[in-house]
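What follows is a single structure, written as structure tokens, with notes after it.
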């Protein structure tokens, strides 16, 4: 068993980390941290648990530590910190020799930080070695992407591999859990649609080319593709729905696109990693699927769902995409990244 | 006062017709019709009234007639029929000499039927004269478009006029009232998104070019533009939100697009028609607007709302669009069309 | 393995029966039936599957039979029929020698039909023997109660046992799945509360005294207690919440009531029946629990949840109650009843 | 025109005050105040406007003042303060000579403060004179009640007048706007019911007897009646639904209760006060009414709605009740109270 720390354990993503890690076969929660306001309290006392699994992942009695490597060091650290605190705290843990798997956005676009989805760009993990060579102490940071970008990257990866993605227009209908807790006010979303999510479109447009980019000796060469994101919030608890129009090289047919997605079997599936879903993409053939309510919890929320693959008169191909924003798009993605690093002997 | 008949008065759109016409300055409801099952009953008895205005528009005591010109003829007829019955009933009324303003889809794409939005293509109304010349009895059919297409056409019209629309990708998040009553099952939509609405994408893709097309002596030459629609249902009562990306000739800036929309003052506004909103397009500058809950009821639901006009790296311009599906996109649009015909002396 | 038939397998409760029985340790689905419109089709073809478990319970390829014992006889029959068809079909199966476990309301109040909740009144099952003696062929009907009444009876049973219930006022906030599919129109419930559910209050008021009544040699003597039900529909998918005020003999304290509920270990739990939850009532101590979203799926939806047990200035005790309407309140309850009959050697 | 100040103008209730007062025939907004964080900013800048009327009530350019009588004195003051700041600020304005009409809970139960609903207990306003005699400067505080209690008191008042209320059990299903903005987190309420609202049950149980109590020379003698409240939050934007069971002296029939409610014409209606609805109680006869979506906005949200008046086997009478929590239950109630004081020549 490998000891791990969860930074920022009381928020929505922190709760998902605890939920997953409390039953993990080889990671064991050694420390949970929180902001100064909550440090010192028991996890159950400080946490507005909002999941319907075992309350507090059975860790309700653990005492929350400050988010400081002197108090809460583990060789492996999962970060659910907000961006601002992550800027200070994550490097402190890395300098203390920890490898961080972070869900924060602070270092996603940093040059030698991999923006990793285990299925999409497992080779980018080599950037961690470059970081370690620099730091000399074994520490480093591995980021996972914004939840909306993650779900989109999962669907685009096999298409980019087989055909090449030239341009993508993506309109999202995002779940409220993506904004954390308390997050979106109910007055703003009951019976309503919000046409704006702060920084979300910019993140998707920046992160997709990096994730689909090519690794050279020291950094990532972003993929050359145009990405346009139009992001919305809808009254759904879990599951981001994305309406995707994509221009692919060679103008493949809907059948060819379906095949590329169905057949895609990347490294985590070949390695049968613990948190990897059997199929990374589930292609649906009913005309009214996927739907958050019926599909998003399948495979523990780790697969993404594609349906209605059909021709687009402008971009060539369009389809509906769905993925779980706090499992696949957050905590589950980080844990799977750590399992990949473990399988490769890097941690 | 001009006598009018409402065909299919008990459904959601029929209710909106009754709501509007019961207080109209120069149209007076002479007949309400319903299917054979309901004909003969009082309007209040047969109608699951679902609006929060005066119940039954004050017409609860009117006796429902069969949808037959022998029982329910008026010189002006508003049709809220479903497509299948509309195919038989609307021509019967036209042959009896009535002018129909129809919300049904049955004849929208028929050659000499105008697909009319009073602000967008008022000149298309001349097709009615061609119909009348043929029929010889003064009867004819004027259709309004699908609700989603109507809202989109309102936003595109000033852009097509000033710049020329080359292509448009539109992703809708549509209200449940668009499906009528009982319509969408609550089990399908509470906390959920449905990625499919039967025939909706096809209708938008066919109707937009016709509405933005040019009238020649006998028919409409559809505008040459590519339209891609991706339609979704969301848990909102009234108001279709549309995420629009558009390619315009000459690549105007967001400022130029904003100006074109803000300055647009088409015929119904110049004529100050009774049901015409003061401004056909309200441009919002707050980053999180328009929203169905806060904006859709403004101007009696007859204006459309545009916000977040911004550059798109693929299409050039993108923006958020919102319109009321049962007012502007259905009954209100038909009534305004009739007012336009009246102002032009055609009825 | 014992062959079973599910009558009315395509509806919401039918789907729950198939979901449960398809993985049952000793019941095996032999026949699925449907109305004449669907009989002959494959289950997948005729069923709007709305659960997020394995689609069609893996029975998508089974051919639907007519609801007739000549076509679909099994020794054990689960009925998810609507009331009207149940009146004819259920006796036909009983006369053919089947034992029916029925969720329909048709025979709930019939004299020698047990209205059975395995935890609440297991002794009432003896009425089945009386039926069999009469019929002579081994057939009979065992009903389970209305979903709202079932959840309430679960909470009242240990209180009636220990103290005696004199009166109960119950206000429900019921999930839309209780109305089946399509059931409640989304226009009626998104952002709304409906203050009326047809016949629901009458059912609760009649069924509670029968379930808590005493078995004499040939029938049930209803418990003498006053029951007032006020039923509402709210925009929740699964889980009926009930606000309960109860007058108990001897005016026990909230602590005594808590203890009675927590300690209750009726027959299905002592027998460790397959579908019996570990604890029939889960008592919550957080002030804002139970909630449908966080609690109702626990124990496969088979336990009920009680919280906020506190004094009532009028009735003595009040509390919040929550139960799963289609698991505990419908299919799960019937299956558990069958397991009880099986454990007692009656089937 | 009489100058007025709105204390705490940026919150949900403050917004409702501004909405009402900006178009009032004889009150004119002189000052809007906010917390120190917002004082000095323009109203539009500091306020997350969430109503669908004219943005900022047309007062977007007014500069927010600190909540201090030296900066924002008017002879009439409306308070939308939170309880804690109200404890200091309201007496400061009263001591400066202002009459406050307050929606805060700080002084509701204070001995010589009237807890006023203009229709329910207009005579209690005489307590203001006692306050003024004490203070000597004309200042004083008039409170309105908790929103849930207000709606209930409106329905009980004609029954208490005609029959006498002995006991009432009230289960509420409350809208999210009652918690202000941001208020209830969407994660807690989308597709869910919350069985707890902090202090709400206590407020209802204390305030009802005071409001229905009798004025003696210096204070209110609370009515002797038992009140039990069970409060819940549901995903509704505006409108509290209450399921009410009531024990009345003499056990009147449902018809007698209906008549008492329908015929009730209290002082504000007789005086035709500006904000008074034509009928204080609208009795509905359809079995599925009232509903928040269809009924709560009628009469500008100032009437309450009663439906399903029927016998209760335990309490005698039960019915469904609905009222607008931020109009009738908050800002509208305060403004009506001020109009009553004005009509009586007290301000």
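The letters A, B, C and D name the chains in turn, as written, and every chain counts its residues from 1.
The rule is short, and it goes like this: a residue touches a chain if its C-beta (ideal position, glycine included) is under 8 Å from a C-beta of that chain, and two chains touch if they have at least 3 such contacts.
Computed from a predicted model, the values in this text were never measured in an experiment.
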Inset, instruction - Tell me which chain's centre, taken as the mean of its C-alpha atoms, is farthest from chain D. - result: A
Legend entry - Interface with more contacting C-beta pairs, comparing A-C to B-C: B-C
Inset, instruction - Go ahead and note the Å separation of the Cα centroids belonging to chain A and chain C. - result: 41
Inset, instruction - Starting from the mean Cα coordinates of chain B and chain C, work out the distance between those two points in Å. - result: 47
Legend entry - Of all residues in chain A, the ones touching two or more other chains: 50, 188, 190-191, 235-237, 293-294
Inset, instruction - Show which residues of chain C lie in contact with chain D when the two form their complex. - result: 167-169, 171, 173, 188, 191-196, 205, 226-228, 230, 232, 234-237, 241, 243, 245, 287-293, 307-308, 312-315, 318, 320
Legend entry - chain D to chain A touching residues, read off their complex: 12, 50, 176-177, 181-191, 235-237
Inset, instruction - Name, in rising order, each residue of chain B that touches chain D in their complex. - result: 50-52, 190-191, 237, 293-295, 297-298
